[in-house]
Amino acid sequence: MVSGKLLFALASVATLGSVTTASAQTIKIGWVNSYSGFLAQAGDQMEKGLNLYVKLHSKDLPPGVKVEFVRRDDTGAPEVGKRVAQELITRERVQMLMGVVASPVAAAIAPLTAEAKIPFVITNAGGVAIPRISPYVTRFSFTLWQTALPIGTWSVKQGWKRGFSAVADFIPGHDAEGAFIKGFTDAGGQMLGSVRFPPASADYAPFMQRIKDAKPDVAFVWVPAGPAATAIMKAIKDLGLREAGINIVSAHDLLPDEELPNIGAFGADIVTAGNYSTTGVRPANTAFLKAWDEEYKGKAIPNFTSVAAWDAAHAIFELIKTTKGKFTGDEAMKFFAAWKDPNSPRGPISIDPATRDMIQDIYIRRSEMKNGKLVNTDIETIKAVKDPWKELNPPK
Amino acid sequence: MSHLTPSADRRAADIAAFSRRHRFHWFEALPWLIAVAAYFMFPNYLALGSQILAIILFALSVDLVLGYAGIVTLGHAAFFGVGAYTAGILAANGWGEPISGLLAAAVAAACIGLASGWIILRTTGLTLLMQTLVVAAMLYELANKAYRFTGGADGLQGMSVWPIFGTFRFDMFGNTAYFYCLVVLFFGWLVVRNTVNSSFGRSLTGIRENVGRMHAIGAPVAQRRLVVYALSAALAGIAGALTAQTAQFVGLNVLNLERSGTILVMLIIGGIGRLYGAFIGVPLYMIAQDRFAEADPTYWYFWIGLAMVFIVVFLRGGIFGVVERLLARSRKQ
Amino acid sequence: MSATGLQTIALCKNFGALKVSNNIDFRLQAGARHALIGPNGAGKTTFVNLVTGVLRPSSGQLLLDGDDITALPQAQRVKRGLVRTFQITALFRKLCVLENVVLAISERDGIGGDFLRPAGWHRAAIEEAYDILEVMGLAEDALRPITELAYGRQRMVEIALALALKPSVLLLDEPAAGVPESESVTIIEAIERLPERIAVLFIEHDMELVFRVAQRITVLVQGAVLVEGTPAEIAADPRVREVYLGEGRH
Amino acid sequence: MSDALSEHDKGLHLRGVKAGYGETVVIEGIDFDLKPGATLAVLGRNGVGKTTLLATIMGHTARHGGHIHFDGADISTYPIYRRSAIGLALVPQEREIFRSLTVEENLIVAARPGRWTLARVYEFFPSLASRRRNRGDQLSGGEQQMLAIGRALMGNPTCLLMDEPMEGLAPVIVDAVLAGLDRLKREDDLAMILVEQHARLALEFAQDCIALDRGRIVHRGPSRALLDAPHLLADLVGVGGGDRKA
Amino acid sequence: MADIFSSIISVGFHGLALAMVLYLISVGLSVTMGLMGFINLAHGAFAMLGGYLMTWLMSRYDVPFGLALAGAVIGVVLISVILERLLYRRFYGGDELDQVLMTMGLIFITIASVTYIWGPVTQPMRPPAALSGQIDLGFRSFPTYRTFLIVCGAILVTLLWLALERTRFGAQVRAAVDNLRMAQTIGINTSRLFAATFALGSGLAALGGGLGAEILPITTFYALENLVYFLIVVAVGGLGSIRGPFVAALLVGISDTAFKYIAPEFGAFFIYALTMVLLLWFPRGLFGRT
């Protein structure tokens, strides 16, 4: 008890100290990203989204308040991510953690935030159970159940009754597989089989060949966005899966907007479910794309990861504006729980206070060639989708 | 007789000098003094510090097989990883007592060492190098496949390590972890030091220096190599378990080729077969990596790589080798 | 104990179609001084390797003190007192002279596997090793690494290492090979001083050494025994002259 | 350059050569001269340094002192391949045929322009011609020996070093090889050094001889003289204790 | 029954394509390791550079496929010659641990350099239209590019065999692998031969890296991720052999594909197990020297 009181006293002294220097206040945010490793490409997308928002909106911060992002590379490896997060908390004394591409990395970091009591704002990692690990986790991206389950249901509606799934063998892959099978079989479809392959696999042709040899109506294929997605598209094309009468569906990771030019014509006619596409017709999206093109001079194309980073940065900046830069971890979490943004580039979004995950519109998109370019065109919108997994698996 | 017969005094002095070689020198206290001082000087770097201490133990285990027994291995991560997963799986499934976790890890790694060593140590040279590599790669694939136990590519989540002796809790700042690693490393070092100075250890040096002659003086070479391989595996397993317990996480990369390769690199940088190469090479490499990664998260590989090429071109025999040469030169003058 | 130290019966070794050892019957009496000579490629080194267990014979038998040791591994033969030196010095080059000999004694006494006590605690082994160095005249170099020794001194360490194993049969493979004349005298003297109970078989080209030390000589040609006899008999044998001088072309 | 060479400079000259393997010294204080087209036999028992002497001339050993001159150039520090380029060739004791090459490839790979061509080597050793497609490791001992000599000749050397070319050959083959060597001596202006254990063979072949013992030259002179002194010969290369320390 | 037959054809086809790539990349490593006794862990970096240069020439300057490939090979050969002269030759016949340290260092440097120049993004490989899509071979259709790759690989393998078996240069290389000192004795300048062989091996690796960019995607960690496969091909094939790596590449390529087809969850486990057994059986590799 005595020591507890002592700690409290010390803590108040520390807070006093920070109040006196409030005139030139710096908020430190730990930014954990995959700068190298097999997710470096997604990391680059995320980085660009954050940088763009920070560049455009730093001037909007209250006078005297600055935000400093302390950047660390998790290399896509959970143990590295955990270590850098720990260092950010203990060494750099950051007030908040943000970022993370890979679900395993996020899952490794999450327990630390429960101990340190600082918010952890996830801008990509979609592993469905991660927010349950710590009450300080909130997520601005998506879960694979939000995207993969609807595409399962939608597939059966097209009259495709026999399905096959092929996913990368790690948390998000398992989520995607489970969600698709749930949606597909609940709607009356029948699974012919499923394969899981190593997440950092090099050559997908043997796996795709196996799908081809199984002759399903529809194949759900999921890999993390980036090089693997392009490679798998190429394998689908080279093996002539669609020519063999097999429809390909996926979550948006398979056809991220920035990879479309790399994929080209052979990526046409694939149906994916996602929370964002550059072709979405919304004023907020148009403005976002304009700012993006000005900043990156047409050399880069944003995707759902960029938008998630952008939206998360927006929420954090609003938090700082509202609190004038003075907030505790719990206050920040309360702010995020009530977060609503009707004008995100991806449409209306809000945080579900119960799950700390996004409630957002999910778009069913078909890829097609328009003016010589491959694009995702929205063909159906499912409004305000909550994470279905958390409803199916209520906390014990 | 044509030769001078040294006096009885000379004989006594020679024998005394020879039989006292295992005694402690003052400089052997240096690493430990530095380690304790580092605790007070860099309180914000204890997480890195405890990792360095654990990896030093790993490097010591490699030095034992490579530097003393002359077994070139590119797969020692196998034992590090088995140790890490053993301690990790125990802690994730309700047995978080750290010290018994270390022991379990040592036993598991030693068993794998015995079993694989029995098969692969009959080969030599590049073939042996490949065999060590392949053993580690197989364990990697198995760990990936055994998703239910290991968490596969997602890593082993949900480890809960109990306080040491029920008293010292592993805190986020790494105070406990640092001293825990320091004490375990100290005991590990004592074991390695005692081993290399024992008759067994000297016979290993003999095997490295001239296998043919060891056969010719009647040494059971295969048996010695197997024993030291298993002992080294056990130490590597403890190092892996330390890493797992202090980070409270185990990922597949405890078993990968990069880990086997970089531990070799760290040891070569320090100097092999000298017992203290690990104490120089590991901190140097890991601190450099930490600094580079912070200054330049994308391109730290470049500077590490450049340093490695520089060392091999200009500093043959590692840092310790250079120090020894300088000492030898100053002694001559 | 039989009077025979080492005996081979119809020893053969083939590498494919090549017969490197052809039906060698050979006896080395206990305590003998016996030389094995022959031109290059006669199979002398193969013979040593067969006897010491580096190679397995294709057929034939090997007896040590009357016991069949054909199937024994190298280390076991050493334990029974069958010890060799190497034609090309095979020492622990980075270790000091004393340690080289201590290693051998440790293996002989079965303490080489002790990983609990420091090597320095085995005082008796060290004392004994030093005794051997004194006998061989190597004591002044006891703590110097092999690499710092002149080649002739290294050859002496070769013999010291073998002696440390307390052999009953000692195979010396060209003990004076590569040694300058000035130093070879010491080696010859050392061989002459070897304890009498040891049966010594030496393979040597240096005829001075052979005829000075050997009581019997066996001449090996193309993997087979050409002739065996006393030095005088061998020197007078026309077949040996033919082999060595190339007389009487076919 | 070579025009300016005096007769004295031409050929092979060793002065105080000391060499061995690593730190070991095997031969010491070796001096001799070999004029173009001359033949020299090197005698001595096993292990006295005969092979080392040839290896040293070819550059295979570690030189500890002295100099080797060939046709006016100090070649003591030349790398091995340059010694071959200026006209030295070695027929090694173990023959060292390239086993994964065919007979013809073994010859071609050593070829240098000059009077010796593939055709001439085949004419010289007809049995090689019939086995030209066979691989190096499919030859008999005699064929290997002929191939080793043929390969050396393909480099069109002016000085040929031969290390026990009759070793391990059946008598018939020895005669064939000897006949070839005799023909070489007659038809080609080639200096030759022959290391041979069969002393009489060597002495009958070469004009001059040297004998080695423990790495030093212990006798030198015309071969004829030694052939006529059987006791001296036996003393130098034969089997016997002898007190030849005088 | 037809299904099984169809599966076998699938596995054989994709395995063959992988084998060609593995062989082109590994054969140079095998020869340099056999010839110079140099453990060049960074060999894969040359393949990776080949891939980067080719994709970069194609996407940045719209160089046609064939020309880009040639440019990449030439570029890599130049780089390798410089590296050989500056670094590698210091370590011939040296301590194998020094070689490991230096080549690991080179791998790290390459990883960072390509990240700096080309970014962390996988390089897109876009074969020309004529090589895209499917080709109908009568009884069934196959991916055109992979068919091209197999044909190309077969031609290159044949050319390489001819070069090594029928030319004087090839004979010199084989002679030097057989017996280095004797090769010098007959006048071969082995230092120059080393450089030439090293350049040839690197060029072949670049060719394999460029042609095979589809099968082994060009990423920054290419040299490290694929290293084990290259080493397995070399070790199983036998050092210094030309035939050995080819058989080993076929073995690895086809069985790896088969295992991925049948039991993808196990990843490369069976390949490693196979390697272990083969190396116990043939410690010097299938075609190694005794």
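In this document, chain identifiers A, B, C, D and E correspond to the written order of the chains, with residue numbering beginning at 1 in each.
As a working rule, a contact is a pair of C-beta atoms (placed from the backbone, for glycine too) under 8 Å apart; a residue touches a chain by one contact, two chains touch by 3 or more.
None of the values given here were measured: they were computed from a predicted structure.
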item: Smallest count of steps, each to a touching chain, taking subunit A to subunit D; value: 2
item: Contacts common to subunit C and subunit E (chain labels); value: B, D
item: Of all other chains, the one whose Cα centre sits farthest from subunit C; value: A
item: Winner on C-beta contact pairs when B-E is weighed against D-E; value: B-E
item: Reference subunit D; chain at largest CA-centroid distance; value: A
item: Whole-Å separation of chain centres (CA-atom averages), subunit B against subunit D; value: 54
item: Averaged-CA centre spacing for the pair subunit C and subunit A, given as whole angstrom; value: 76
item: Centroid spacing, where centroids are CA-atom means, of subunit A and subunit B in whole angstrom; value: 39
item: Intercentroid distance (Cα basis), subunit D paired with subunit C, Å; value: 32
item: Per-residue multi-chain contacts in subunit D, two or more chains; value: none
item: Shared-contact residues (touching 2 or more other chains) in subunit C; value: none
item: For subunit B, residues contacting two or more additional chains; value: 144, 298, 301
item: Complete list of chain pairs which touch one another; value: A-B, A-E, B-C, B-E, C-D, D-E
item: Subunit B partner contacts - residues on subunit E that touch it in the complex; value: 33, 39, 41, 87, 90-91, 96-98, 100-102, 104-113, 115-116, 120, 224, 227-228, 231-232, 235, 239, 265-269, 272-273, 275-276, 279-280, 283-285
item: Residue numbers on subunit C that touch subunit D, as the complex places them; value: 37, 39-41, 151, 174, 177-178, 180-181, 184, 205-208, 210-212, 219, 222, 231, 234-235, 240-241, 244-247, 249-250
item: Of subunit E, residues touching subunit A in the complex; value: 3, 6-7, 10-11, 14, 17-18, 111, 115, 119-122, 124, 126, 132-134, 141, 143-146, 214-217, 219-221, 225-226, 257, 260-261, 264-265, 267
item: In the complex with subunit E, residue positions of subunit A that touch it; value: 35-38, 40-41, 43-44, 169, 195-198, 200-203, 205-207, 209-210, 212-213, 226-227, 230-231, 234, 237-240, 243, 262, 264, 266
item: Of subunit B, residues touching subunit C in the complex; value: 1-6, 10-11, 14-15, 17-22, 194-195, 197-203, 205-206, 209-210, 212-221, 223-224, 227, 231
